[in-house]
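Next, two complexes with chain A in common: one pairs it with chain B, the other with chain C.
Moving on to the complex of A and B:
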């Protein structure tokens, strides 16, 4: 595609999907503009507060703290999930033995672990990173197992026929083959991670964006609470876009093929795809 | 389109591939399904032997045993004096389904070089040799592409280049041209012939296509029966120069293919 065509495709997709959010935000803006309700301040006031918090106030450092925890937690989950997922995917016996535990671990709501871990490990950043990793690891791990399982037996037979050493098979065949599924798991993990982040900061923290929202709410600084909430939503959306772009960049071979030949279900909303491409 | 002399020497065959009393069953006990029985076969260095048989006759099973991808139930496969019970460095395989055996996430060049990477060959040399073998199979300017951007015939050429890059003296090909159109198939048959002549490799090619077997082979081994065994070995004797038009119009060619077909049919009727 030429630059012009790309731009037109992008613009069309953006227009089709963005008009409704724009209309709703505009409606919110107008409807709340003369609001005198304590609990529903005007959107203009919320955004002004948000801007001030990010430029001058302590919201920026709180956001930085939260973002760092989230990214660290995701990184730990990604490394652990892919490593264990590859191991389980390649080894049926180990997978069968661990399956009940995996199903249990996945079934427990991860926020239930928040009190235990914070009581045990304290209020620092490390327990929060662990909590985020704990929530995020499952979708990545289980998707990776599925991805490894889905590798065609012919591909593996071929590596056997050519006597490719195991470490090379893992690095050059298994990891790229399961990458699309692992990425899909990572996207689910991002959503889980946002929840874990906020909950862990609301339960026991002295900083972070979750703490900011909780504390401002308790102090009846409602405009701050709104600003923090809007920021959390925006942050989550922005991170998912970044992830999609990374996925498109690193899995060119996967996305450029005819859709019919792709394996597995990786759903990519069209605006996000246009943004990413 | 010639292969360098260095590559030629590296892969010329000097030992025979021998099958002795090979039997292969799937499953065990009462429910066991016996696919091959009492199968003997000898492929001498530099020979091009085609194995034909009706579908379901165990041709692919035999090839997998030859490749060491599958253990024999009885008897053995040996290359020279080495028993082939696992994949060997001297034996390369071209699989039936090129779509399944080429890695879609690797560029063409990396696919061809992958077996060399497994042997610890350095990056620069890997790349150079991949280009060389791609040129040998008639592919230039595609090394940066992905396999799925190429036609079926080109993909199978990539798979052949990968087998050659493995520098094995024995090349096993499992119905390599089965899913290609006639013209592409003819081109690749001639390519196979030429590579055998230039490299001196031993080739065992499994096919269900009697014309292909008679056209390509120095000998054609006919499998039939259930469990399958060798019912005949046909010396083709059409010389080493073959031509899609003249060879196939040769009365001797017609006679040979008639004979093979009769044997496959009688083997099938005997079941």
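Moving on to the complex of A and C:
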């Protein structure tokens, strides 16, 4: 393929994927441009408000506060979920004994803990991190268990036959083997975490992006509410992209090589991968 | 890797066919006593943590107090009202998400152009936490049961729509070629090939939406004080009745567990003709 052809293919793909978002945003912009409705301010006003909030107002610090809590909660959930998940995955008896409890724990509506924990622990950041971790730990934990259980028994028997120390087995065999599954759990956890973050801030907080949208709505500062909502949408999308990039970066070996010949440098052509995923 | 795993499964087969070893195996996989022991251990640790006093009293009540609050909640009329309010809101939104999500997914999933055009939009909406729309919807509709159903709908429609789309797209290329080679009419292909292929994926979407619907309904009730389990929990906790709040949370867990198990069972029963699709 020449440069020109490659560019044309790329341009066509970009055009096909971009026209609808562009049309939708343009339609919103035009339809709302002369809007005098109290509830639907012009998009231009919303974006101007968003820009002002991010550069001069308190929206930036509120977003930073929320993001920090989200990342802390996710980190706690990741460490706890993978640690316990590996433990349970390697130990069949314990896993079988705890399975119903885990299934139940995952089914509990974790947003229901928001009033309980915030009323008991106050409006600070710690109860929010606790709530986010509480919601996020289950998908990571259960996915890690599945990942570890998916390791071929022969591989584990082999490590036992050669008396490879457990620490080494966990680090070099178990963790890499369950990483793709754990990442899938992390992707679910990110969405759960966003919900927990926003619900906990709307329920009881003095700052944060969830507090910002609810507060402005209650004060009938509708443009602020829309601006905050748009920001949350952008943030959620951005975070999921970052996670996807991290996954590709750290699990490149898993996505790029065919399982049957890990050692060979056979790469699946990138177009095929895009279709497969 | 797949080869070695299926080989080991084959090796395990004769064991399950024999009588006594099968029973031993079942006991190993469903250790009844061990499960009760785990449950008891959790309760004991819970009580010990509470007794040390390192957590505030309003956060963790004694398991005995929670147990003591259980008959009062189960016997009262309030529980059934709250449960009904939560379920009706969840069900309305869930039903609406099926009515909209499945046809739209079937439509978009059949056209490569439509799928590519909507990809970015769907990626964006999917990562959007629906509950963040609550302030806007509160402004538009107020704290009503209609608003609750709308939030549930907005949260549930995406899993249904996207799974339906995937189901339509993931057709075995060999099947697709065969259909084209034999010039089978489009309508027939749709009803006999594409729909049956998509059904397991749709079932997964429906199951995800079912569990999501109750969660979202409870979240809305917690935040907007709309009637339902969520508000009952908030009221109990702010009214200094933490054990009652925990009873409601545990009952919410039972509800979620039953919905999840029920959806799984229904999926297995309805789709006995083929293995459940992955794609969660």
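Simple rule for what comes next: the second predicted complex is superposed on the first by the 241 of 277 C-alpha atoms of A that agree within 3 Å, B and C clash if a C-alpha of one lies under 4 Å from a C-alpha of the other, contacts with A are read in each partner's own complex, and residues count from 1 in each chain.
Simple rule for what comes next: contacts are C-beta pairs under 8 Å (C-beta built on N, C-alpha and C of every residue); 3 or more make two chains touch, one makes a residue touch a chain.
What you see is a predicted model; the values in this text were computed from it and never measured.
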| item | value |
| --- | --- |
| Joint occupancy of chain A by chain B and chain C, clash or fit | fit |
| Touching partner for A:3 - first (chain B), second (chain C), both, neither | neither |
| Vertex chain A angle, Cα centres of chain C and chain B, expressed to the nearest 10 degrees | 90 |
| Touched partner set for A:177, first chain B, second chain C, both or neither | first |
| Touched partner set for A:254, first chain B, second chain C, both or neither | first |
| Which superposed partner A:168 touches (first chain B, second chain C, both, neither) | first |
| Chain B versus chain C as contact partner of A:158, first or second or both or neither | first |
| Between chain B and chain C, more extensive residue contact with chain A | C |
| CA minimum distance (chain B, chain C), superposed complexes, angstrom | 5 |
| Chain B/chain C common contact set on chain A | 152, 154 |
| Touch list for chain C against partner chain A, complex | 1, 4-5, 8, 28-31, 34-35, 37-39, 42, 56, 58-59, 113, 116-121, 123-124, 127-136, 138-140, 211, 214-215, 218-219, 222-223, 229-230, 233-234, 237-238, 242, 245-246, 248-250, 252-253, 256-257, 259-260 |
| Footprint of chain C on chain A - complex, ascending | 13, 16-21, 24, 39, 92-93, 96-101, 103-105, 107-109, 111-117, 119-121, 152-154, 191, 194-195, 197-199, 202-203, 210, 213-214, 216-218, 220, 222, 225-226, 228-229, 232-233, 236-237, 239-240, 259-260 |
| For the chain A and chain B complex, residues of the former touching the latter | 152, 154-155, 157-158, 160-165, 168, 172-173, 176-177, 179, 253-254, 256-258, 261 |
| Contact footprint of chain A on chain B as seen in their complex | 67, 69, 87, 89, 91-93, 95, 97, 100-101, 103-106, 114-115, 117-118, 146, 148, 162, 166 |
